[in-house]
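Beneath this line is the structure, given in structure tokens, with notes to follow.
Labels run A, B and C following the written order; every chain starts at residue 1.
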Amino acid sequence: MSNTQPLLEVRNLRVEFPTRRGTLVALDDVSFEIQPGEVLGVVGESGAGKSMTGAAIIGLLEPPGRIAGGQILLNGRRIDNLPYKEMRTVRGREIGAIFQDPLTTLNPLYTVGRQLVETMTTHLPIGPGEARKKAIEWLELVGIPAAAQRIDSYPHEFSGGMRQRVVIALALCAEPKLIVADEPTTALDVSIQAQVIALLKTLAREKGTSMMLVTHDMGVIAETADRVAVMYAGRIAEIGAVRQVVKHPSHPYTIGLMGSIPPITHRLERMQQIEGSMPRLSAIPRGCAYNPRCPQVFARCREERPELTPAGETRASCWLYDAESEQQVLRAGAHA
Amino acid sequence: MPAFIISRVLQALPVMLAVALISFAMFAYVGDPVAIMLGQDYTQAQRDALIRDLGLDQPFFVQFGTFLLNAVQGEFGLSYRLSRPVIELIAERAPATLELALTAAFLALLVGVPMGIYTGLYRNSWLSRFFLTFSLIGVSLPTFLIGILLILCFSVWLGWLPSFGRGDTVQLGWWSTGFLTASGLKALILPSITLGLFQMTLIMRLVRAEMLEVLRTDYIKFARARGLTNRAVNFGHALKNTLVPVITITGLQLGAIIAFAIVTETVFQWPGMGLLFIQSVGAADIPVMAAYLILIAALFVTINLIVDLLYFAVDPRLRVGGAKGH
Amino acid sequence: MNAVARFFDSDLWWSFTRNPITVISAIVAAICIGGAVLAPWIAPHNPFDLASLQLLDAFKPPAWSPEGDPNYLLGTDDQGRDVLSAIMYGARVSLLVGFLAVVMSVVLGVSAGLAAGYLGGTVDAVLMRIADIKLTFPTILIALLIDGVTRAALPRDVHDQIALYVVIFAIGFSNWPSFARTVRGSTMVERNKEYVQAARVIGLGRGRIMVTHVLPNVLGPVLVIATLQLGFAILAEATLSFLGVGVPPTQPSLGTLIRIGNDFLFSGEWWITIFPGIALIVLVLSVNLLGDWLRDALNPKLR
């Protein structure tokens, strides 16, 4: 991997939700980094903690959720414990966000132009007049036809796909170095999804912006991301370059996940389905969270929690790749 | 825009007609108006003559039509109790009620809206909890009891403020105002607080609930994610979206204030329409009740129309004439 | 687990025990309701027993003031009636009227809401239009009108006899739209759910589906509104009685007591009106606090 300082570094992030029946751990020991200009895809089933990770990074966890441990560093500076006022200057200016549903993300009572202008004048040293000019440029850039006229339209006058383009313009207009995109195409028509993803990809490359792309669509990841993190039950199961994770997955969960989409790997002969379902946060099993569903489970998986370790071309949190348990692996392999 | 207004006016018409019909039915069928008008002694001939004069021998729809025509001209007949034209009685008392109601509404909005915003934004501060408890007491206190307690405190024990009447009034044309004299203003204090307190707490709770609702929306989260200042998010984005429902309820409450003025006017012997109405209910004075009902309905319909127009100004989604993009 | 055990394990019970204000208001409400219901057995005096009234005992201040009489804890009124006992009997009337009025609103509103939501079309349009018109006018005004009309239509003695029912009807009738609207909304959601479709496929009648399938699913919000409306109904009754058009003076409610006592406010006998007033506030406040809590507890979105 590259030796430059990563743009974003997440170290051992832990997010908890205090509830009536005890504290739920929504994210546990999540670590990854994003290099400048890199696109990191984050995949997993709903409830795996993908969106939660994004929310923690932009400092907008829904209460009572809170960061209970670990660090988030942006350009080497800790941002997980910033006071609200300082964090505000990070949001929008240094980290842009794109949400899932463009129908609800825009304030219905303000024109899109106004929303763009207020974002730019908040963060950039420009006046309203210049901001308006730039707003039109941004609308053109994200592919809104007749931008100069449409700038004074209200959100409800745009279609869903067009609204998501406006949201992208809003996320990018203060020129942040990182975009956190939380399922940016899930709420859109299938025919429009590809266009929006292509737009995001092009803009990120042109502006040199890094991106954390949260999605449950492996196809989108394969097409867009440089690296991918696979999440399961609030932890990272596997992380690595997209090609490697897709072609040579290491973690049994990732193998299962890849098996459930049309096979492109040589290891698997037929399509597979993962048995069972992801545990609820209140009932995460001891040891590896995946152990009840894992086809290659062995004793240690039920006792101890694995950490991310090098596994082939990627890194996986799985005891299969731990030196100490190699003997057991062999035995497990024999059983299988 | 004109189409919008016209459609609203057309929607209001059936309401007014329904109310007029109820008023007319009260007028025509409750009790025996002829007997009441003639007093103790009368002959059958006198009775027949009066029935003919009043048009009571006409078919129902003719009678109702005449009633409507008269009502539009402000002609509601004579009060059974005071034997004076109803419209005169109401015109005399309307300024007192309107001045009281407007002062109370102003007070309620001026205090209730900021309190609602505050408790919505800082829901866990001790001041919010205090306001909320206070508002619950406000909702649970009946208007008349507030009046009694205020009188006990400020009139009976402290002797600072008058407990009844309007004080001195100044005649501006047909309008008598208490705003221009010191005693008129002093007399206004206790009744307007009494009348406004309940609405104030109601408005506060409503603004708070709406604010909480709006603060949970995606666009507020997105506004925060864009790094806008707290001020811009809370007082720009959130407050403006809160306004839409608040305007409706405030409009409806203005109507309620006029109705609740009945109670306040009774407690403070305030010479307004409410006191007139309650005296009429007690004396079964149907013409006054019918006229009051129609007037209040007209007032409510007007308020609703104004509310709709305000919507129009606040919410751009209404301006496109229902053509939702998408 | 049986129903009782399930109740004590529920989130509802948990949020109840966690909230001291709620517990206190429940206790206060229980005391108020208990005192009112049991008034004939536990009240220190019978304020309606003319034989026991002593005019000599009139205008006694509360027991703790220098001229107070320990026999009359909260003092006596102009007739020598014990204020505390009068409050207990008065609360009985207030509660009875409030309760029956809410029952009437529930019956009217739930039927209208179910019919409008389930049948839709013209039924819906007409019912909701009526509800709209009704909602335009404040409760007090409608109740006053109904009272005024019956007063004009009936001879005085007949009116006095049925005055209590007129008040119940007037308040109950003016509050039904809030139930109708809520039930209609929930019904329209429930109607399109699969279990209702299934019931329809089986061939159950419309009425049967509405009552056995849809109704139980819309009762939660109805309970919340009913609790909140109970407070309002009690207040409405007190207001009407205070205005002198409510319950007849032979059956004084808290509002009537306040009205009677109000005449003595200026002559210094404040206790005759203030104590019934406090009783009314405490009763309504505790009921409202319970309703507020119930609403928040059953609507986790608001937490």
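General remarks:
The rule is simple: contacts are C-beta pairs under 8 Å (C-beta built on N, C-alpha and C of every residue); 3 or more make two chains touch, one makes a residue touch a chain.
Labels paired with UniProt names: A = Methionine ABC transporter ATP-binding protein; B, C = ABC transporter permease.
In this text, all values refer to a predicted model and were calculated from it rather than measured experimentally.
For chain B (ABC transporter permease), the chain whose average C-alpha position is most distant is A. The two chains most heavily joined by C-beta contacts are B-C.
Computed from the mean C-alpha positions, the centre of chain A lies at a distance of 54 Å from the centre of chain C (ABC transporter permease). Averaged Cα coordinates give chain B (ABC transporter permease) a centre that lies 24 Å from the centre of chain C (ABC transporter permease).
Chain B (ABC transporter permease) has its Cα centroid 54 Å from the Cα centroid of chain A. For chain B (ABC transporter permease) in complex with chain A, the touching residues are 217-219, 221-230, 232, 236-237, 240-241, 314-317, 320, 324-326. Within the complex formed with chain C (ABC transporter permease), the chain B (ABC transporter permease) residues making contact are 14-15, 18-19, 26, 30-31, 136-137, 139-145, 148-149, 151-152, 156, 163, 209, 212, 252, 255-256, 259-260, 262-263, 266-267, 277-278, 280-282, 284, 286, 289, 293, 296-297, 300-301, 304. Residue ranges of chain C (ABC transporter permease) in contact with chain B (ABC transporter permease), taken from their complex: 129, 133, 135-138, 140-141, 144-145, 147-149, 151-153, 231, 235, 238-239, 242-245, 255, 258, 262, 265-266, 268, 270, 273-274, 277, 280-281, 284-285, 288-289, 292, 302. Taken in their complex, chain A has these residues touching chain B (ABC transporter permease): 58, 60, 84, 88-93, 96-97, 99, 101, 104-111, 118-119, 122-123, 154, 156-160, 167, 170-171, 174.
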